[in-house]
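Chain naming follows the written order as A, B, C and D, and within any one chain the residues start at number 1.
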Amino acid sequence: MIDLAPILAKFPPVKHDAAANALIVPQALALEVAKWLRDDPAYRMDYASNVAGVDTLPVEKKTKVKQPDGTDKEIVTKKPGSMEVVYHLYSMALKHGPITIKQVTTRENPVVTSLTPIYRGAEFQEREAFDLYGIQFEGHPDLRRILMWDEFKDFPMRKDYVEPDDYEYEPTPHDAVLAKAKAHYPKASTSTEAAS
Amino acid sequence: MTPINPDQLIVQLTQWALSFLDSYPLVAVLVAILLSTVPLIAVFPGCFAITTWLERKGLARIQNRIGPNRTGPLGILQPAADGIKMLLKEDIVPKTSDRLAHFLAPVVLMVPAFTILSVLPFNRNMIPAAVDTGVILFFALGSVSTLAVFMAGWSSRNKYSLLGGMRAIAQMVSYELPLVLSGVTVIMMTGSLDTTKIVAQQQLSEWIQSSNAGLQCLGQIIGWNVFTPWGFAGFLIFFVASLAEINRCPFDLPEADSEIVAGHLTEYSGFKYALFFMSEYVSAFAINGLSTTLFLGGWSGPNIRPPWSDDPNALLIPGFVWFFAKMFALMLVMIWIRGTLPRLRVDHLMGFAWKFLLPLAIMNIFVGGFYYYAPRWHGIPVVGWPIGFLVMYLSYECIGRLNRGPKTAQRVYHYAS
Amino acid sequence: MSTETIAPREYQIYSGDDLRTNVLEISMGPQHPSTHGVFRMDVSLDGETVVKLKPVFGYLHRNHEKIAETTSYLGSMPYTDRLDYFCSMTNNWAYALAVEKMAGLAVPERAEYIRVIMAELTRLQNHASLVGFLTNDLGASGTPLLYAIREREHILDLFEWASGARMMCNYMRFGGVRNDLPSGWLAQCKKVVDDFPAFMDEFETLLTGNEIILSRCQNVGVLPRDLAINASITGPCLRASGVDYDLRKVDKYGIYDRFDFKVPLGSVGDCYDRFMIRLLEMRESVKILKQALATIPEGPVNDSKARNFRPKPAEAYGRIEGPKGELGFYLVSDGTPKPHRYHVRPPSFINLTVLEDMCLGQKIADAVIVLGSIDIVLGEVDR
Amino acid sequence: MLGIGILKGMVVTAKNFFGSFVNKRLLPTIQYPEAGNSVTLFSRNIPFLVYDNDEDPLGTMRCVACKICEKECPPQCIYIVMEKDANGKPAKRPKVFDIDISVCMGCQICVEVCPFESIKMDSTFELSTPDRFEGLLLKREHLLKSNTYFHKIHPDEAQEVDDRLAAKQKKPAPTPSTPAA
């Protein structure tokens, strides 16, 4: 495990997420931190292995708490959703790693700083995160869709993504698929329906 | 009635048939033309069919496969199946193509491919067109195919086709030079452009005229140009250049499938594609026939007189059997090369023609001249042969080394500690 | 290394007053004989020289990650077979490794050996067929490829014997492998491994000295060392550029620290180096296989507790040295039976980053072999 | 000397050319269908349902319609409806058991999760049909195959399964394990 204390000491706004052993880097500082990590002789994190977007929906949890007077009271705890970009950095020179750095942003307006100016290897993966999550990478040289086609409007990896209803006939529709099939082919009764 | 000479049987039959028309000279000429062209048009497509089968079977065996074996015994009917498939295919012409040129290209390719066959002597007295300048005619007509390939490439309005056409022009024009120059040595030695004379020059007539069967047989072989230093080098240069001239592997750049799909053939289908395909094989036969004529003794082969005949020119096995055997042997080598080698790149291809084959071919002309004038001992070239061979070998090594340069070499690899 | 990233080079077109040429734009693919699947290159050509090249892909995109996030952990295992359909065994292993890392599962000794054997067999067949495909791109009419496929069949037979399927093996499980090797498997495997060097000799005689291959591959598509590191290139492509970084040595995942093998390194980083590194790696894989087959112990092959588990909220990034490069899986669990986030780091996808840099200024024929020497599989690039 | 590498390569291909006539290893092609197919005792393709008694396939089928496989199937190609007896109580038998083999990817996960050893992998493969939809939807009747058949295609595995079931029978009344999460 790599000692993260020097980074935390050098960049006070960087926070340490102990559960994931990751550094949460504010967007304004991201480029600077990455550059320092890459060039610092003790770290030499010259290799950005993995870049992934993570989408978390807001959670609303209702718990019933018994009040002293005997009545139940609902307590609603809300956890806001978030959009994260996770980078796993390794060092090819010193053969150690990883250091995980995260940039956290909002789901509504996901903007983070692109690390492509530091790591060329992040180029395609950031484009992929942009394509599938709609995360804007500031400073990316060529931010275009990469896996989906250019005319595609939605972001399919988001947790609240709803598939379009371009349903293709399937002989074993059931449950959700069946509902969709019924909506799409109102008249056609499928064989399994007839059997059951 | 002269005794039957198996070698000349066909010729004699033809003359016998024509003798009936002596009183109608115009008809006789027309019939004579038909009698010499129809067999060409009949035989060579047949050879093409056999070759496609041989190629598919041979390549398959080289690649540890079985090859076609479902159509007839050993898949021998595969060419027929291919032909039927090809003819039944839809003839697709791209909308934006230049229709006339697109249509004409396969025809323009096919006509010279068949025409140049006419100057090849298939046997004694068996040459469709006995032209004094046969070799020149061959090269002149043969280079028309360049035009056809470019027509096909340009008229298709396809970028791959265009690239293929441009490659074809550059390649064919470049390789024409070493091809002709290596043939020039033979012409120099013979002193004639007539293909029949070139074949005759390769036969040791005193030996053939003698009564010893062994000498007769040997005399048909030992004089082949390929057994002289300049002839051997010339043959190799000619063969390599002819590979490029007919777009065979490893010089199949105009139709390089991994790079430009099928080059000039990309937009062709059905019958037109079949014509292209056949013309390419017929030109391959033609050029192999020429290299047989120039270097491998043409129709002469290990042959003896039939026992019933005293005619020194009578032969037991017809000469055209040897001619076709040699031609097919060269085709097989081409198939073998195709099964082994990857393709050259376009700039290497040019470099190979201009920086390697051309100097070698010019060197070969000098060696041929030296060989001609070098003193002989009882007619045996004791001086010319070894020195000529040495010079050709050394120039091969030197030019090869100069071309390789410091850039490409076998490398030594290291392991991480 | 410079302080900034290494930007793509620009290719200058000569534009004198007297000479004006047009750039020819060609869209190579998705239907093209040598794009290794449905891959497209938008190429601009100056004559035959590549002046611009943009890779376009996604034709095979099926949102593997989204499917994985709606199914159980085990349910994604068969889908990983279909990432790089040449190397399903290593894909399985990478995923199993990530899950094991996240859930803290232990793998029995015998299963570790089986995994190493399967992974190295996969490497053999992948590298052999890649070299075959590369020579096909060079224009050989399939001969080396068919020799490679001839040998690959023996390895696929072994896979089928062990797992039931030739390509979509779905063999590894969290905490081991699905079932033990059938009796007689190891003996047959030994035979295949012993026969392999003879094939390698034949292959090398056929290819390595061939003057056409030498002149076509050497100094073509050079990938400089610094750029290779900066662009996160992994696998044989990285080592051909002279960087000593093999996860089998660096991470020592599984039991790779027990085997004696070496990491071959290239010096130039051109197509010929990438081609040779693969041939040399095959020799090293044979070495590993011989050692593993000699020392494989008896014992259980999977952890029975590992079925249908529900991991605690955690995240993990597991990676292995796949035949094409570093194959990583990034998993985030939120305590439910389905992963909250499942991300694949596919090596061939990221190795394509430098395709343009390697092809600029080369001929169009070189662009094809540069692409071939990177070794991409579109199932993995597009996911 | 220039050309030596090419000549060496040509020798290799010539060896392979002539070798293919004498060496079986150099001509590995199997002529399907005359010379048999390549299905081995280990091949798996699509699932089938096992029954024990040839006289009464429906009565002795092992499947109890617990729907674990339906839930676990990664591409969701299994569809099960449990049969109800005259009183409307669930009979432990599937009334509908469909597998859409155009979707099935032969991953064997249904076999692994089945607690009753009732679904196993078949090795048939000649399943092409002109009917893209109904022809590729295998119903209960198509899927039911006897244990004898199972012994024929995968003898070792079938024997293991039989042994396991016999051991289970000895133990007092097996409780159907609950579907795991």
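What to note about this one:
Operating definition for what follows: contacts are C-beta pairs under 8 Å (C-beta built on N, C-alpha and C of every residue); 3 or more make two chains touch, one makes a residue touch a chain.
Computed from a predicted model, the values in this text were never measured in an experiment.
Counting C-beta pairs in contact across B-C and across B-D gives the higher total for B-C. Core chain by CA centroid proximity to the global CA centroid: C.
Note on chain placement: the centre of chain B and the centre of chain C lie 45 Å apart, centres being C-alpha means.
Here the CA centre of chain B is 57 Å from the CA centre of chain D. Computed from the mean C-alpha positions, the centre of chain A lies at a distance of 66 Å from the centre of chain B.
If you average the Cα atoms of chain C and of chain D, the two centres end up 29 Å apart.
For chain B, the set of residues that touch two or more other chains comprises 62-65, 339-341, 404. The set of chain C residues that touch two or more partner chains comprises 143, 147, 150, 206, 208-214.
The residues of chain D that reach two or more other chains are 2-3, 6, 9, 12-13, 16, 26, 28, listed in rising order. Those residues of chain A lying in contact with chain C across their complex are 19-20, 35, 39, 46-50, 52, 54-56, 86, 88, 92, 95, 98, 100, 116-125, 128, 132, 145-149, 156-157, 161.
Contact residues on chain B toward chain D in their complex (touch as defined above): 58, 61-66, 336-337, 339-341, 396-397, 400-401, 403-404.
Residues 2-6, 8-9, 11-13, 16, 26, 28, 40, 42-44, 72-74, 105-109, 112-113, 121, 156, 180-181 of chain D touch chain C in their complex.
Within the complex, the chain B residues that touch chain C are 59, 62-65, 159-160, 162-163, 249-250, 252, 256-261, 338-348, 404, 407-411, 413-416.
The touching residues of chain D, counted against chain B in their complex, run 1-3, 6, 9-10, 12-14, 16-17, 20-21, 26-29, 31.
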